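For reference, chains read A, B, C and D in written order, and residue numbers begin at 1 within each chain.
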Amino acid sequence: MSDELLEYYQKTRTISESICKTLSVDVLESQPIEFTSPPKWHLGHTSWFFEEFILRPYFKNYKPIDDFYQFAFNSYYKSQGEHCPRKERGQILRPTFSKVMEYRRFVDNHIFELLFNSENNDVKKNIILGLHHEQQHQELLLMDIKYILSKCFLNEVYQNKKSFFKSETFAHEYLCMEGGLFEIGANSKNKFYFDNEAPEFKYFQYPYLLATRPISNREYLAFINDGGYSNPLLWKSDGWDYIHSSKDFAPLYWEKKEGVWFEYTLNGYFPLELDAPVCHINYYEADAFAEWSGARLPTEFELELCYKSKYFSGPTYGFYESEKLHPIIKKTTNCFFGLTGNLWEWTNSAYSPYPGYQRPKGAFGEYNQKFMVNQIVLRGGSIVTPQSHFRPTYRNFFYPSQKWAFTGLRLAKDIK
Amino acid sequence: MSDELLEYYQKTRTISESICKTLSVDVLESQPIEFTSPPKWHLGHTSWFFEEFILRPYFKNYKPIDDFYQFAFNSYYKSQGEHCPRKERGQILRPTFSKVMEYRRFVDNHIFELLFNSENNDVKKNIILGLHHEQQHQELLLMDIKYILSKCFLNEVYQNKKSFFKSETFAHEYLCMEGGLFEIGANSKNKFYFDNEAPEFKYFQYPYLLATRPISNREYLAFINDGGYSNPLLWKSDGWDYIHSSKDFAPLYWEKKEGVWFEYTLNGYFPLELDAPVCHINYYEADAFAEWSGARLPTEFELELCYKSKYFSGPTYGFYESEKLHPIIKKTTNCFFGLTGNLWEWTNSAYSPYPGYQRPKGAFGEYNQKFMVNQIVLRGGSIVTPQSHFRPTYRNFFYPSQKWAFTGLRLAKDIK
Amino acid sequence: MSDELLEYYQKTRTISESICKTLSVDVLESQPIEFTSPPKWHLGHTSWFFEEFILRPYFKNYKPIDDFYQFAFNSYYKSQGEHCPRKERGQILRPTFSKVMEYRRFVDNHIFELLFNSENNDVKKNIILGLHHEQQHQELLLMDIKYILSKCFLNEVYQNKKSFFKSETFAHEYLCMEGGLFEIGANSKNKFYFDNEAPEFKYFQYPYLLATRPISNREYLAFINDGGYSNPLLWKSDGWDYIHSSKDFAPLYWEKKEGVWFEYTLNGYFPLELDAPVCHINYYEADAFAEWSGARLPTEFELELCYKSKYFSGPTYGFYESEKLHPIIKKTTNCFFGLTGNLWEWTNSAYSPYPGYQRPKGAFGEYNQKFMVNQIVLRGGSIVTPQSHFRPTYRNFFYPSQKWAFTGLRLAKDIK
Amino acid sequence: MSDELLEYYQKTRTISESICKTLSVDVLESQPIEFTSPPKWHLGHTSWFFEEFILRPYFKNYKPIDDFYQFAFNSYYKSQGEHCPRKERGQILRPTFSKVMEYRRFVDNHIFELLFNSENNDVKKNIILGLHHEQQHQELLLMDIKYILSKCFLNEVYQNKKSFFKSETFAHEYLCMEGGLFEIGANSKNKFYFDNEAPEFKYFQYPYLLATRPISNREYLAFINDGGYSNPLLWKSDGWDYIHSSKDFAPLYWEKKEGVWFEYTLNGYFPLELDAPVCHINYYEADAFAEWSGARLPTEFELELCYKSKYFSGPTYGFYESEKLHPIIKKTTNCFFGLTGNLWEWTNSAYSPYPGYQRPKGAFGEYNQKFMVNQIVLRGGSIVTPQSHFRPTYRNFFYPSQKWAFTGLRLAKDIK
């Protein structure tokens, strides 16, 4: 089997662990709220994925290191038997962290052996899927670590890279994008894509205006100071109810102290940087801001067409290349700044299947399809997203109230 | 002003009242659950709509009969001041029912006077909107009355028209629909449409198969008996969680007694009629059934294109024409049976704005737009829907867990 | 059978109905919150009590008017079969109010017939219990009607007797009560008592100080204005959590408008009368006030001993004698003002069985015993309590967070 | 200052740590449910108690090791400033466990220094209170550790002492206890007591019967098998509602597997030992069992009088003497078996202040008094209770639904 795959495997597995290497055991075990998972669990679950979908079916006479892991580290695959309820992941005290690391080595060694001895194409395909899966969890790890550290009462710092942090001031401008009948989605020329990115299909797009950069903290503050959170006419009905029942009137990680706004980042707790893009807002907030601006959120197709356009020459950031782990605004060669690699951008598209979508057979049918209701698509990719996930067709998705991902917004407008 | 409008006004207002005419005061006041409203409240609210949007702005020196009604009968228009919280509508004991009827006459008389004296085009437009609004509440009245009567412990009968009830047996077949670049949505040729039906826009549709009739109770029972509710692989993740937290394992109004399924209808409580279309299911159930069938739900566009196709010559039922108030399956001249006028059909389309959608200025901006998240579009129209609402472009919408509307499903398939 | 009993029966049944006679049907059916019941339901339930415990067992060949009533009007007697869940009492639309009145006449006629033809002592005893039960519901009726009217958005007035309302100013003083070994509870010399008042038992009481009048609105306002609700050290831990989770920072029916406190009463909505006793507070509030005052709540035994002492010559108010339906403070011949007949006074005694308590056999074992946990005893009797319930041994009980009864407090102190 | 106090201090502090010495870091940090605390937190909180109430007020120029600990390890003392909400104790990731151990040493060293240099009597009194407080937390530690280990999916064993486990069979008998006017509560002859045990007061007790041993698993199983959990007439109303809403139909830690009952203990997971006393039941269950038995629960006074009687010569177990950490029934020289040192016994007494009770001044007023509502007294002391807490006047208290303490029951009866 290919050296390239082996190298990809080793590199990916190593990155997950290096993300956790500075964390103490208490952080590794912590689950302060249902939607996060303990970092330890991510390290176990990503190994379970290889065990469950590659070693158990394809490794001859495979003997698991511990049968309990099948329950403990199954996230939500009902086809694979009982799984630990999401909110109880923090109660999985056994295996301990060092046992999880043993589990990772155990799985790795079996995967290596399998790679050397097997030319089965499904094995290779599933390993590649498993690596992309693990990369998604690398982003989740950084999201969850940030949330955990922020909630342990001491504004714990994940790393000390504050120096990387400095945005430039850009005017807020729109570029006119042309319309027509376009192809949306991934096709066989893509090296890799998830099932929810396919099939490629024809879509009629009207000409539209798209902002050349995301909205900044300065602009979002203007929205707040203009009473944005207390004007119901700007909000979707569910959004209005949500912010009032949750008393949630600012981006996550923002805090006002004696009249000054501060923001918690993985680099520590700092006064808000006004030129940086606003981050950690939910769909309701993004949508209300757009309404207030007299603009709208783009559709997921409008963003995809922009990535595929001549105006965009590729991503700039992402956590392989950058160590800052916080979005900034900085000059680039692209007409559209920060379109990928900076933060996820909320769209106005519900997460639905594409025309002709086929749910994968077997357990992988549970990977994406069963979440195709009640969620909203985000496009782009953030500062904590693995670089290789920056592709024009990638669809991220969250519930409209969620904001612990690195999420911001970019405005669009119709051409009348 | 036109006699036609006057006649439409009088007819519409009369129908709302005649729906309630057999109800005792306790039913008129009842709100057993937050999502229903007391029938009395619907009668007040539909009058408030005329008062608020026509009499207050356009009737010179208008003196309201009671200022409290502005609070009591405002549904959700934040632009119009404080409103009674939805779940407390049942606590509006004043005005009593007879006072509400006085209010209706008071509003009617002022509207008549305005119609005679004014040629203002906005007045006319708002009256027409108010009448369509009242027609929507006629359907809500029948939905809510059914729910109220079903919950008062005695299977109260709304009317006695059981004789109208008799479905015929049809084979379940698919017709092939052609693809291409089509126009979706309403345009200026439409006599009336809501803002969410516009603007007309180009949409590329792939060829598809659409079932010629909705799913029957017999078929839905087969799904139940095959363990449909206990197989997680058929369900969206949220749907699986919903049915388990709510212990909701059958259509609304179904009850199993000593091995036999019964169904509560507005005509009383009867053994389930197997050939009738399944009714009162939510999106999750419709979607799980489709999954179980190896098919899928159609998109809202696929249904609209079918209504606009040569295979469909118009609606057959609806509560002006039919007194049975319960969906049936019966021979028609349409290739597609019961496509409108029988029950609302769940689609796989999230309720989102169309490309180029413009939210109306002012209070009417709250009519539809603020609900464009978390809800699912239904198409068709039911046995309790006013006839004039059966138009190809009409978009109904509910949350995916709701099922007290007259909702069923029709299957679609891709052509591979 | 005795004319006296017949007269008592007729008078009692009439009073329940006369309490409701000015109410419109919507009020009679209303249940805005789980802990209240629709007035109609009280009228049905008190008749059910006679039917269930007298007519069904003792009236030969008794044929109920409607078997459904056995379910609908059973409050909580599990021994008597299924009952309507408390929170769904407002959904009992059938029988209508007029049917309930027919039910009352039907039950009355059967009771009369039984009284004329039977000398069974159990019949007589159960009728007397049924009448005391109905009298308890007369107070509940007035409590519930007040709550319902207050929540229907319009400060509906139950009656117009504002003129009766005028308190006098009294100094707040303590009288010294002697100690010793006393008898507590009811004995066979009592004409009637509930099982929870027995048996009489010996109790050693230390000398104590008891306030000669209840706490006034003026004093309670001082507590509020002194930050009583924001000082955790005054509150029981559960009380502090309760007021903060419920945001409940004043007596029920109090409202502050533009700096002035108003109070809703059955006579309408008025500025707070400062010399009237504070009413509609819960145990947590009474206890916190006592703490703030450097005093304590009395035990139920301390109040009982006071009623039985030379310092007290009998009740003064109660709704047979007074039409004001709101507590006042006025000169009386008793040393202890308003000790009964004015408002219920919170004690510091948990509601527990007396030493040697025997739960009645059969269904009446459910009357009181199963509530002997988590509740607090109140003593005295209020302005809406039937006069004959003012006896020294009567024990009322509510959960410590409840306050829709007419509840106030009187301070006590230890003698050091 | 006395060597005795120093020795008591050192011994007590050491025991808390030795209870935790076999636990891995993940267990030390775990809080699977609000009512438990992470073991690490107990170790910190017991040190905070000494710091807050002794070092800060009495140690001249005391410099805390970390000001954050004042927030983190304050349990509920509102008088001492803001405290970490109970349910968020598991989120206190900093200080780590080793930092908590440093904190313990830091506090210890300062206490030693203070002890050598001060003759202040309040210092001595507060240290003694702090040690009794720490001993209470030793029991909480073992309760919480048991709960945590039971919830980590693997029936983790705390220790391996199964061999200690063996009950003997005893007949269930009653002894007649005499009545009279007795003294209840602690007086100045007691070496130590908590404020809620005082003052001593006169109480008239009627003669009663008290069972010579607690109820066994065999007897509790008979209650279950007789349908005890499905007969509402045995339950208090709140108890019936509680078991049905929580679906809690057996003692905590019991599990039925293929028809056989198992019990989780700190020594592992074993088939239920039938002659052992039933443990981990709540008040509702204890009370329903008593009802089913035709008996009742004793009052707290009846148990206290028994401890003080000639029939009882002292405790037998408790975790200093025993390593088994699970209650048993074994021959003793006492007439009343297992009356203390085995398990806590539910009484029928609400947790209320004694006549003449004085809440301590200052912060210690929060120690016990603010919990004197809604809770039930337990008497005795369990296998995980420090030996010195076995005194006749000790009052433990929990909410009637709680059962993670080592709780059982002993029956009593009236003499008619």
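Here is the rule we use: contacts are C-beta pairs under 8 Å (C-beta built on N, C-alpha and C of every residue); 3 or more make two chains touch, one makes a residue touch a chain.
Bear in mind that the values here come from a model prediction, so they are computed numbers and not experimental data.
Chemist: Taking contact as defined at the start, I'd like the list of chains shared as neighbours by chain B and chain C.
Modeler: Of all the chains present, none is in contact with both chain B and chain C.
Chemist: Taking each chain's centre as the mean of its CA atoms, which one is most distant from chain A?
Modeler: In terms of C-alpha centroids, the chain at the greatest distance from chain A is C.
Chemist: In whole angstrom, how far does the Cα centroid of chain B sit from the Cα centroid of chain D?
Modeler: 59
Chemist: Report, in whole Å, the distance between the mean C-alpha point of chain A and the mean C-alpha point of chain B.
Modeler: 37
Chemist: Can you compute the centre-to-centre distance for chain A and chain D, using the mean CA position of each chain? Integer Å is fine.
Modeler: That gives a centre separation of 47 Å.
Chemist: Which chain C residues touch at least two other chains?
Modeler: Counting only residues that touch two or more other chains, chain C contributes none.
Chemist: Pairs of chains that touch, anyone?
Modeler: So, checking each combination of chains, I get A-B, A-D, B-C, C-D as the touching pairs.
Chemist: Looking at the complex, which residues from chain A come into contact with chain B?
Modeler: 76, 78-79, 181, 201-204, 206, 232-233, 235-240, 283-284, 287, 299, 348-350, 352-353, 355-356, 365-366, 370-374, 376, 400, 414
Chemist: Enumerate the contact residues on chain A facing chain D in the complex.
Modeler: Residues 24-27, 29-30, 32, 68, 71-72, 84, 88, 90-94, 96-97, 148-149, 151-154, 156.
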